[in-house]
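These notes concern the structure reproduced below.
Here the chain labels run A, B, C and D in written order, and each chain numbers its own residues starting at 1.
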């Protein structure tokens, strides 16, 4: 059994179904990319894993235990952390407080100062700004806080939703490097991206979603060379 | 969302019809019995005046229970052997509800007569409905002038009307000046801004002119006021010699306590039998109400026969002392019973005739300040007299002590005026 | 005049305290709690019965009143409000919750009426109700104590929200519910706690008011509307705003009435209220998302 | 004979229309007629509320102010100048509509909670104003005393009858007219724009719908029809008082009826009044005397339960039952 295994889930918002029979798995220590066009169901997949949505059918198994009917806070407790699209920082809290909220769960709370040091090592910029309100930061800094906040939770699996969105190309590169660094230290990573070039480059494997279905999957580098993927996403 | 809804509308109308039938069956089965006099009572049983309504209801229950236990009516006529059935409806102090209540009582419950409604604002429109249907309406409490004098044939009011209250308040002020040889020049008027307070204020302003007093403060406060300190501070800076007050229950307590706490003591405070007559008032003000004058129709210390015994029985049954509120209900119920005994019929015209003819002065009617109950052709109790009580320390408790008219005054007590430590 | 200003400040701070709970609950749940007045009534009654049975100082009643009102709010939110909240979580204007709080208001008020009857009750504590002189201005000790309790409670609340773990979680939830639950914060628990704290503050306000006020089942109604005005004046969701809004109302009432009839001051308050709504709907201190 | 679903519904509609029109013929008890009037009165004002509260998607909690404006306008005109309440009714409606627009202009910019609170303040402000003003020039407003309309004999021109039956038919006709207007409007372009604007103002605006304009029209209509109910109220009770026509309790009740019935639906306010008012009357009549407060406690409980179990109002479940019932009738006839 894999570390996290999603089997045949259907997910709907009210009456509108967005995921159909989606299955995927991730092994411990991997970096997994989920790619697809706007509205393909990538964000929904992440929200379902983190418990914000519950599948209508199918199962999600993490560490040999079913998690598909648990609420988000319990899933966080188990170690799956979701860094949402658009950063979703707490704008009227300082950088430090935002990071601290990341370690709200009981596994991580006691070590919060230690973890914070590590986050500051990874993003020295944040240390300078730690008293500043998150709402006043620049886009790149906000993304750093968002990633740092995810790390503060001492994740087993860290899920990123569009971490490069709205960032200048140079910052995208830095961000990907940082994510790679996190993965190298042993955290399993699920990466949802539209910038598939950047994401596939640092991933081991990838899934391709199209209108709610998994249409392709395999080795990240191979997918990058796959003509159908190139045609669909890179406009080649 | 908004597609044609006439269908649903029709369905709802059907439902409407069933509800009607259901409620109709419900109500009609409830009073199928005969041989009883059905008296409708509309009272404020919830909402801001609920305490007055609940107390009045207790006294009515007390009287009727006793009356029915003694066998009901004994007279020659259709009512012989009949008992009284009381129906109580809550007005919530709301005129609309009161009017609906009267409609319901007359048409749904077929009451023979109605009594209530405590709040003048409810009695006023509600009695008009009763009059339209020729159902006698006996008003024990509501004092608003305009209730009588509308040419109604079946409306009878036992309470004195507010122009008599204010008239007697000014007579009393004149009396104070004369008796103590003090020059009284200035008046302060403080009233609650509702129908009750406003009508007192109107006649005070007129009377002050007639009696030659100068009004140096005329202040109203909202019924919903949470803090009366601003009013008290205004009194403090205006310093009227006599302060005339009309309040409901809660604000009476608040005003009195705040005045005491700020040491605002005019020569005399004269209140108008509203909230100051509520038993909660003395309980909640105590020493702070010392030397307050209140106008009243009744006081427990009036040396009237049978009063002590009545109080003992009532207290045993309901755990509270009789007070102005319950005594109004007491006289009201007994007036109705006495007149019905004489007519031995529920015919409204006979009732009116007998009401106008009767002069009730014995038995239960000896407990009031006035010697008898008698109605003029407007249905007003003609000699509904008034007394003034002063809050005084008796033993270690504060009590309402009758001080005026002098002949009714409690033995050993005289008016204290001006009050000690006044400004 | 001086006394009027002093009274305005003292009363204003106490009005402010009654509004703090409302503003806190709005800040976090984005819901106007119409049951606010009923909670205040519960606090007044709890204080009243405590003093009646133990015969001690009303301020000691806080020991009982605070936990009582806290758990009352906590469980009302948990069992009555949460189900509606859950079904409306995607709705921008959770009107259902407003209706539920109104239902709770009716239930609590009338429960009190059935249990305790309609009569007015006060406690008489001569030692604190007498007006004392401070630099020639008069005010009763009970209001002065009320003033300090109001400031202290607001300060403690502010500190709690700023520095405690739970307080930070409450702030996080108020700023972004979904993100907060992705941090492992159980948002419904936060709502329970927030509601509990909000009602507990009402309880405290009750204990503060009782020595110079009275209690009866529908006493909360007047203060309810007053509180709505206060929180909008100060900015919905802002704690300092609630205090300043309270002060403004207190001063208009107390000082304004020295120039116009007291019953007109309410009209002035409503007019100022409407002007603020139109000119600066966020109120004097309102910053969305910050307390 | 076979009937389609639509035919059965039409037959039911006609049957019930006949029943409603004949109720006063069969039921002689004016007490019930009075209750019917109360119920229809609330159906009417809740339907008028629904223009803004339901379709435009905000929560007005000050509609009693419009009732007060309508009641005071026609009453002052009638009592002091002898102008027929029927004329006063229109005058009150127009004044109220203008005030509705004036108050709507700034408030519609506000959202959610703020709008609700602004309307509460508006409603209370109007009430306090009527309470405090005794006279404007020679016009006697009555202040806190209120105004009594004295009964001067049955007369159509004076809008006065001893019997309740004329009132019954007047409010019934008013209700039917208002419902017809509602149905017409909701099926017109304006209705769609209003609902679109209520559900998602930004999206509607981006499609070029002038949301504010339609909301204002809705507000004006709502204020106009509510004020007309105010005149009806004044002539029906013959006594108006700021506390009774302008109270916050009344404003709340209007909103609750529509919400419990199902706001934003045409049938909602009807069903809401049908459930709450007779229930209120019965509990108040049979329980109020025994245990004061119990009836209001029950009202509170119903509010909470409906919101928990039927958040879209009772119309949803009743409509389902009704449709099932009609379907069954169809199958029975066919078999």
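Note that a contact is a pair of C-beta atoms (placed from the backbone, for glycine too) under 8 Å apart; a residue touches a chain by one contact, two chains touch by 3 or more.
None of the values given here were measured: they were computed from a predicted structure.
The most distant chain from chain C, with centres taken as the mean of CA atoms, is A. With centres taken as mean C-alpha coordinates, the chain found closest to the middle of all protein C-alpha atoms is C.
Distance from the chain B centre to the chain D centre is 34 Å, each centre being the mean of its Cα atoms. Chain centres here are Cα averages; for chain A and chain C they lie 42 Å apart.
Chain A and chain D have CA centres that are 52 Å apart. Within chain D, contacts with two or more other chains are made by residues 128, 131-132, 292-293, 296. Across the assembly, chain A contributes no residue in contact with two or more other chains.
The residues of chain C that reach two or more other chains are 110, 113, 118, 217, 225, 261, 263, 266, listed in rising order. Applying the touch definition to all chain combinations yields A-C, B-C, B-D, C-D.
Interface residues of chain B, counted against chain D in their complex, comprise 1-2, 4-17, 19-20, 23-24, 26, 45-46, 50, 53-54, 57, 87-90, 94-97, 99-100, 103-109, 121, 124-125, 128, 132-133, 146, 150, 193-195, 197-199, 220, 222-223. Of all residues in chain A, those touching chain C in their complex are 50, 52, 71-73, 76-77, 81-82, 84, 88-93, 97, 100-102, 104-105, 109, 149, 153.
Touching chain B in their complex are the following residues of chain D: 9-10, 12-17, 19-20, 23, 27, 29-36, 38-39, 55, 128, 131-132, 143-146, 148, 150-151, 162, 164, 179, 183, 186-187, 191, 195, 233, 237-239, 241, 243-244, 264-267, 270-271, 274, 278, 281-282, 284-285, 288-289, 292-293, 295-296, 315, 318-319, 322. In the complex of the two chains, the chain C residues touching chain A come out as 165, 168-169, 171-172, 175-176, 178-186, 287, 289-290. Only residues 26, 30-32, 80, 83-84, 87-88, 92-93, 95-100, 102-111, 113-114, 118, 217, 225, 228-229, 232, 236, 261, 263-264, 266-267, 270-271, 273-274, 277-278, 281 of chain C touch chain D when the two sit together in their complex.
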